[in-house]
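In the two assemblies presented below, chain A is common to both, partnered first by chain B and then by chain C.
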Partner chain A sequence: MKLTGILLLTAASVSLAATVRLLNVSYDPTRELYQNINAAFAKQWKAKTGADVVINQSHGGSGSQARAVIDGLQADVVTLALSYDIDAIAEKAGLLPKNWQGRLPDNSSPYTSTIVFLVRKGNPKRIKDWNDLARPGVSVITPNPKTSGGARWNYLAAWGYALRQNNNDQSKAKDFVSRVYKNVPVLDSGARGATTTFVQRGIGDVLLAWENEAFLALNELGKDKVEIVTPSVSILAEPPVAVVDKNAARHGTAAVAKAYLDFLYSPEGQEIEARNYYRPRSKEVAAKYDRQFPHLTLFTVDEVFGGWQNAQKTYFAEGGTFDQIYRPGR
Partner chain B sequence: MPLGDASGRASGRVPTRQTGGLRHGILPGFWPSLGASMMYLSLIVLIPLSAIFLKSASMTWPRFWDAITAPDVVASYKLTFGASLGAALVNAVFGFVVAWVLARYTFPGKKLVDALVDLPFALPTAVAGIALTSLYSENGWIGHRLAGWGIRVAFTPLGVMVSLIFIGLPFLVRSVQPVLEDVDRELEDAAASLGASRWQVFTRVIFPVVRPALLTGFAMAFARALGEYGSVVFISGNMPMRTQITPLLIVAKLEQYDYAGAAALAVVMLLASFVLLLAINFLGARSRCYMEAR
Partner chain C sequence: MSRRTMRMGLAFMMTMPLIPARAQTADTQSTDQKIQQLEQKVDELDQQIKVDERKKELAEEDAAAKAQNAATANADTTGFTIKSNDGNFLLKIGADLQVDNRAYLGQGSSGGVDGMLLRRIRPTISGTVYKYVDYFFRPDFGLGNTLIYDAYIELKYLRRAKVRVGKFKPPVGLERLQSDDDTTFVERGLPTLLAPSRDIGYQISGDLLPNKLNYAVGVFNGVPDNSLTDAAVSGHRDYAARLFVTPFKGLGFGSAVDGGGVDGEPLPSYKTLGQTTFFTFASGVTEAGHRTRLTPQGYYYAGPLGILGEYTLTEEGLKKGLVQRDVAYRAWQVAVSYILTGEKKDFTSPTPKKSFDPLHGGWGAVELTARTGEFSAEHGIFNYGFASTLTSPRTAREWVGGVNWFLNRLVRVSLDYGQTAFGGGAAASLGGNRAPERVLIGRFQINFI
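This part shows the complex of A and B:
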């Protein structure tokens, strides 16, 4: 009796020692994605090493999640909406090297997405492309880019479209984006709030949304309520991932954290991402899900705006182009 | 002096009032308790607040000035302070009526109404914001009726005020109600028997007793409204220059990792609220002195 007790105790402590805990600090719409990823990765890790891994998730606005990590939230890995936010962790807290984005393939973004339009059933305002958003009488719903990371992608997508239409003429692009934002009646503080405004309140003719969010909304509401319109050209949203080196070293989780992020690039991981409506990087998986994702021309922030640091300064910082749209007497 | 007692209780003071200098009260331990309170206040209030001042001190004066006087920031002060003041005033009137009903009458379901008053305290503000927005937006249950009159509430400054009224109500009711319950009914009878009209009884007997508590409740509701974020961001629509509250701009600055800029706005909010609260408390103290002098 006593002996079995001791045996049980040792067994328990052995399995306790073998359980690794990982904290993945992510942004809002990835909740379902990472639930699926975590389960699959834990299974694979167990098969490979015999050890249990428990992955805890934390979700919130991308910027506030980054600030939490800067202020000491013990993230082993971060999976955020913009590289700008991981840059801030590297810069302000020095928890990972500044060249973090070069350490993993594809700008450290295992999956991508883009900005598409969600319109009412039957598309009564006949919205086909970005220029329709600037038309008088069309009401556009998008969150405030000052408070929402997702909204910054929307803003830059519209700007990039206008640059292409006008031979890279910045002032014409600014004029176009101003006209689009004149059509915005409400600037919610976050992406989910904007979706609620469009869907529940019935405000607006078109919602600018991440493609994966638009698919989720479509599934939830039914195809008899809304439909997705894919514009001719849009921005390639690259949500980046990174190991937070100093935290992982302190927790002794560097190896498993790296393996976790590598799993995102593996065929199995790519499948899960595609099933959650993120565009996979892998050509094989992409081919398999070809019918799910419409074809369109995609441009990156690096190509058109010279990276996030520049984009932030020019467009969203104090006195940037977004402020100028709303300041009187300009 | 029954009246003086009532107002003394309203302010939460111990009836053994001290007139100049320290005098030993019934309860011992002035120094330990003062020490403990200072320690507690420092930990909970002073140290976090001084951290804000320190953060903003990393800016140069011209940058600080630019940050706190940018046009959208100035517009947000107007909205934040204006809507908070408006909401507190509306609550001062209608909160008083609610407190009056709860203190003076018994009716079936009174316990329920009494509990309802506290609900805005307990409800997560985001929930309140979403609920109010769906009620007052143009396809909402109240909103579409008001839209018929050409009144828009959600996504306008009026909507901001509505949500601030919601969260401020319990402060008014809960500070006025106990004082109203304590008002000596015999005084009212006496006043009436001496020929005072109902209006006179209210303005000359009841109101002066309640006024300090009303001011306290007003100040708390006002202060609470200034800092409110969660419910307002849903109903305001956050349009630059029109419906952005200052706390939203603070969040916007944090999103850009502009900690110093965010702290600068926080300092302005803090100082302005502190001065306003001090002024309101001063008014309250004066009306108490006035009561005691009588």
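This part shows the complex of A and C:
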């Protein structure tokens, strides 16, 4: 009897101390952010529960990542570029409820970002705002909106700017965005690839980039190589996060997955996000990093485009405006 | 040398021929302006080259990603397959073709006609979708018929409880469960006559102990012995269960039982090795009441030696007019085989150590085989008029000897000689027995699934 008790206790302690594994399927430019988040969360989880947690990361174009999860990639959590991609997982694979976005604060977006310009040192093409991107002779680098969430933010940011400049005239906005994309020589599949095209391959005059991606490039290359240009107006990007319920339930990781996402809202998580150039939701942390982030007018997808479902259908679906204005190889 | 220095040099060299012209025409642009223009041109060309290189790079990355995810087509000794990169989707194209030559020997045999025939022509499509769902479809065009033999899907999410739905072999006869291309003889033995061939239903099966204890249970429409149908004759169902133990590799034994209500199902006829009918029921007889089959079975394989034994008892209710009685049939067989070329014998066909290739010393594998078995029907069948001793014997006893030559894993040539002796009737003259059937069957077979 005593021996049985010892064995049971041993088994329980072994079970408690077992390593938990999570898979976070994310979009392209979040590698560095989640490396830092994962290390901090693992430490906190160990202190709290005594268990080790190992978080594996998968990165790629947001749309491609969503497709992979739908096709069976066993993500415990998804941290994608836009809510439409998580909606697709909910609708096509039923791996989480359709109301997933209401389960966490701030529409399940623990941090925000925006789209800025990265230009070459000295800004030789004098690019100041969105209208400069449509000028002949300016080469613009942005990824493919069909595969990249970041690219869809870029596209809508340009479109939103044009609407503001043209009294909400959709045809003028279309013409403007068409002229911008006429200046795009190559479309990468994801934001990180576009950064490689601009920074490492030396192609283009301006890179439309996530703000955090622009800061990373600036830090990596130095201010003597590139500069960040903040446009007068841009889009408020709200990258969402969610537990993939059915996968997490199957893996027995639902509790740790939720704790992992909750950590993103914690003061420590918000601090890490700000350090990685994501705009924190926490007012305290935002105030602390106020000087880091330029002030500009931001509009949301809901305000200008009626939400992601509508935006996807109008601009990026088969036969949408992107298909109408962009011809590969042109 | 830096890229800028190169560009300056290039611009300078391109400008050199223009300098005299400048001296000759006062209104020309300054040299600095021309250098600037040329620099711009070089920049544009440089960008164009970089864009082209990047596009090529992206195209290569895209092609590599697609190649990584691309399905692979394979053709080898296991057949022809197309498989997704992750293995979750699979399509196998197979075929089973058997060409027989039958010769009936001796006087007064069975009335069988010597000749060649296409015994089985079975194209097969099988595979997997979404990793856990198998499918199998196999029609047969042999003997001039068109029949769907197998058509089922199997959900294998749980290794211990695979769910199969469709038309397939119920878990009853051991030799029946053996694939056509793996049977030791060209025709199956007498106990298989009493087992169902194919039936439509549901089955759950799996290993209770991995590779040691296998079970299968199912519910089916219910078919007469050695039969297959595509529709239920009555509202009754057959329930089948089989337990099979393999305590160590080579030894396997178990038992199967199936049964259910019957009402009006037509009765089968039973055939010899030469596929001539030796037992038929009287006109107007149908199944009525209940049918039960019990089939203890087993095999033993040790090196090139193989032994397979099986016994089948069928008890069922028969009805003719106002007469209804339960009757029984029994059949057993013992089959022995030995591979002369040293390959190991097991439940499936051997793979020759060297495929047939006489130019390079390959002769395939050769197996000698022998089998004996007996079928018997109880006296009551005749006493109650369900069958007549004028046309159907009460017993049939067979001896078969043969040789199999496996040219390679897929192609096999077989030659079986068999004799079936009859007892208890079916003679042309009153009180005698039907003359023994002696038959020589040759087969050329190719099979891959």
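List of remarks:
Just so it is clear, the second predicted complex is superposed on the first by the 308 of 330 C-alpha atoms of A that agree within 3 Å, B and C clash if a C-alpha of one lies under 4 Å from a C-alpha of the other, contacts with A are read in each partner's own complex, and residues count from 1 in each chain.
Simple rule for what comes next: a contact is a pair of C-beta atoms (placed from the backbone, for glycine too) under 8 Å apart; a residue touches a chain by one contact, two chains touch by 3 or more.
In this text the structure is predicted, and so the values were computed from the model without any measurement.
In this overlay on chain A, chain B clashes with chain C.
Taking chain A as the reference chain, the count of touched residues is higher for B when chain B and chain C are set side by side. After overlaying the two complexes on the shared chain, residue contacts for A:58 are found with neither chain B nor chain C.
In the superposed model, A:139 lies in contact with chain C only, and not with chain B. In the superposition on chain A, A:203 contacts both chain B and chain C.
Once the two complexes are overlaid on the shared chain, A:327 sits against chain B while remaining clear of chain C. In the superposition on chain A, A:318 makes contact with chain B only, not with chain C. Of the two partner chains placed around the shared chain by superposition, chain B and chain C are both touched by A:186.
By the document's definition of touching, neither partner reaches A:74: not chain B, not chain C.
With the complexes overlaid on chain A C-alpha atoms, the stretch of chain B that clashes with chain C is 26-34, out of 26-34, 242-250 or 278-286. Once both structures are placed on chain A, chain A residues 185-186, 188-189, 193, 201-203 are touched by chain B and, in the other complex, by chain C. Against chain A, in their complex, chain B makes its touches with residues 67, 70-72, 130, 133-134, 137-140, 154-155, 233-234, 237-241, 248-249, 251-258, 261. Interface of chain A with chain B (complex): residues 61, 63-64, 67, 88, 92, 144, 146-147, 149, 185-189, 193, 196, 200-203, 312, 316-319, 323, 325-328.
Against chain A, the residues of chain C that register as touching in their complex are 47, 50-51, 53-55, 57-58, 62, 88. Taken in their complex, chain A has these residues touching chain C: 72, 139, 185-186, 188-189, 193, 197, 201-204.
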